[in-house]
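Chain lettering (A, B, C and D) follows the sequence in which the chains are written, and residue indices restart at 1 in each chain.
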């Protein structure tokens, strides 16, 4: 197995106190507060993303997710709205004081992604080194998803590409690995979260939606992630999952998201953390 | 994938309220209280198991584990003390009012296992159907570990062998699956726990020690298991792990176990559960 | 990873020239001739096994397979005809001068398995150490299948249990490992065959039927196994796969088996081997 | 699992006779002749690639491989000589009448890759859709490696991106998948080769070097690939593997390559194929 070289920038030793990544709009990831990022898999149209943003804001989540440039296994699947999707996402987010996270697949898309608070590198691109090198030259926060077949060491070394190039604003995201189990889309690897929190100073969040691929497991896995020491979640919610153009079966309904936020609070309290809330409604876990 | 036939005894529909397995000594697994079973991988000698039992009792765990008939990958590894190991385990447990759990590999060992509260079927024997059929004819609690490469459906169908044969006192145990990741011994699959709790009425516990294979991940994974809805833990503790004849690198030290119990309490409270404590010291999570 | 201890009986160094396992009826496995064992997954009734045996003998294969004690994932699946199945298998085999191979799941079945030339330990029982120890005390040939999630090292260590107990008549069988790929039932691991032939002196055969789980891949994989250096095949054939009680989708039809034997000949010749044929019809590859 | 839509360009039905990809210099991949592409993992300097090219030409292989833009897990590993590496590779190849294959990681590298006969998309970039779309607009042959965790269906859908964009000159390459087995770097999946040859009309070759990660398995796996129906090999050879900057442990030595070519001949003959040889020395398998 490839080992992380001693002295690597990504290692905990390089920054024992941990890194806090600050998103525009004052959301801090990696601090005491647990940050829930939520939204649909893809931005489909204005009405859908507005409705989803309502749900996200109402639940108290500070970050809106939504894909505009979509990596799809088949060239015949919906490929995202592209630049227009980014504009719809940013409009929906800014109207509600939310930060926005969306995926970047190609450095050529960066001009269209101005205003996006957090640039996501998807699991399929974790070792797209041309993309990593381009992002390493920016001073913008990057969310680096673990590839479905990457070891923890490989994931951290991909992050090292970003740090070595000069961009220290990196958040890691565990989203399930590929195993023999077919009851779930992927297998959520919370050991990797516990381990990554020890090995690196970077914040680590969890995407339970892509891991499970089914709505009914998302709440349980989210609570487990919080207890395991994750710094936040990236979770899918859709106003009408049955009509979703992408991954509807794993999207929560708006009431599910509110219920999840309600249930996260005491678990986070149990591990000495709080839940990040939009300023107006921010509550410290009691 | 093999599907569980409709009408199977193992399915949640057969017993919507859930099954509580009662171990001799009044420990209930599958109820509101979370049961921590702890002890060394193997019973090595009287002094070791007595010392381990002290640690287990002192931490407030109601069940002592310890292997006597050991399945080992190599024929040249320590194979366990066999019948003598069972006697030492039972002596150490009963002196402290603990129930005992140990592995059975062969129906021929059953006479030697009289007095054991919970008979463990190890991961390697999950589909040893001759053994399952023999245990199905007993009226004794069985702990059925998931094989390292079994799907959740296959695991539940293995349990169905026990129920179909007449033994309904079955506890399931997730202990990590085999994946490409080499940083951990196995990959703990908490999705399987969330899923199994929905699919079946049987209690489900988690073995974080064999999953991780390394002590430093055990506490984090234990808290995650509690938050995910598991009904208990099977965790390794050894008075001097460096001298252990088996799996020392994954064993907690006695103070680690006490600390784990302390940390479990608020997380369990966060999901509406309590921690099972030996009668004298039993505390409801507040 | 568990390493095979230096000096282990299973290692090539212990017997550089290789082991030839002789089955009753003078079939040698591990020599220059490649041995094809064929037959149905399960013995279903007299007519079926007789018809299958006709196909096997007509194709020139010297060994008839057929399960009598069947390990099935579900307790509600056909569990095999047991002792009666063994009798039907032996009758069909002996009438045609074939050796017989069938699975043993439990030492208690051994009396019923008298007359069976080759006792198969199935993949699920590769680490059923009680069974291995019982078989190690016999002087009868054993076919040890690799478990679906066993490393090559673990497989060889399971064989070491047999050799260490005194039984050196062991044939290994690779039958596919469990991976993420769903297009095949398992993933045939021919690297393991090449590697095992280097690491150990024991003969190694391949079961392409369980590996693929689908008839249309069996011939291609069989040729590949022959080229990779395997010593033989264990392949499923059924007179009417659509009516099979078990694994029909992976069974060849009788004409497929003849065609496979015809195609094996020149490939074996290409790697300096010949095809084992029943005495009457034995042909050296030309 | 993602299914290939009916009517997809990649499916066998679209071109039942199969596709032959012609490389500049008249090498045809996908026809009756089996094409061996060989060379070092990376171009290191002029002397090394010249020496390697000598070995490749002397063995009769028509295509020289050598990486110039290298995807490396760690940013601190040798990243390849880039544009200069391409020049050295092309010089070494053209001097000997060989075609050249090298990896492209980023469309921005395409100008530097003029003259390269076959553009390789590495396993890590199999689902780098921006790269696939850029390559789909070229009329140049592309070698598409299967990702270490891609199903066969996903691999074919990645090829569909190329065909749907207008580039039909696609060769597939199986190079091992990621599994639990640690004795090999990856697990060569020859079932995928047999299956892909049925599902698609595109040529399929095999990289036994990255699959095995160790020299001693390469010959056996190469013979198996030929017998399984592959259309060629991509194999690593290095004049002094112990000094290689990249993957030396899996590189053949020049005499190994000659020996491999010698052994391939009769196996290919056994399956009705011949071995592609440089015009001067081209031999039909006899």
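Here, a contact is a pair of C-beta atoms (placed from the backbone, for glycine too) under 8 Å apart; a residue touches a chain by one contact, two chains touch by 3 or more.
A quick note: this is a predicted structure, and the numbers were derived from the prediction, not measured.
> Where subunit C and subunit D touch, do the two copies share over half of their residue numbers, giving same, or under half, giving different?
same
> Which chain pair is joined by more contacting C-beta pairs, A-D or B-D?
Looking at contacts between chains, A-D has the larger number.
> By residue number, over half of the contact pairs should agree; on that basis which option among B-C, C-D or A-C is the same interface as A-B?
Repeat of the A-B interface: C-D.
> Would you kindly tell me how far, in whole Å, the mean C-alpha position of subunit D lies from that of subunit A?
Centre-to-centre distance between subunit A and subunit D: 35 Å.
> Could you tell me the distance, in whole angstrom, between the mean C-alpha positions of subunit B and subunit D?
One centre to the other, that is 48 Å.
> Just the number, please: Cα centre separation of subunit C and subunit D in whole Å.
34
> Could you list which residues of subunit C touch at least two other chains?
Subunit C, residues with two or more chain partners: 149, 178-180, 182.
> So what shape is it, when you link every pair of chains that touch: line, ring, star, complete or other?
Contact pattern: complete, every chain touching every other.
> Which of the residues in subunit C come into contact with subunit D in the complex?
1, 149, 151-153, 177, 179-184, 187-195, 197-198, 211-212, 216-217, 220-221, 223-229, 263, 266-271
> Under the definition above, what is the set of subunit B residues touching subunit C in their complex?
2, 4-5, 8, 71-76, 105-106, 108, 124-125, 127-130, 147-149, 154, 157-158, 160-161, 164-165, 178
> If we count contacts the way the header does, which residues on subunit D are in touch with subunit B in the complex?
178-180, 182
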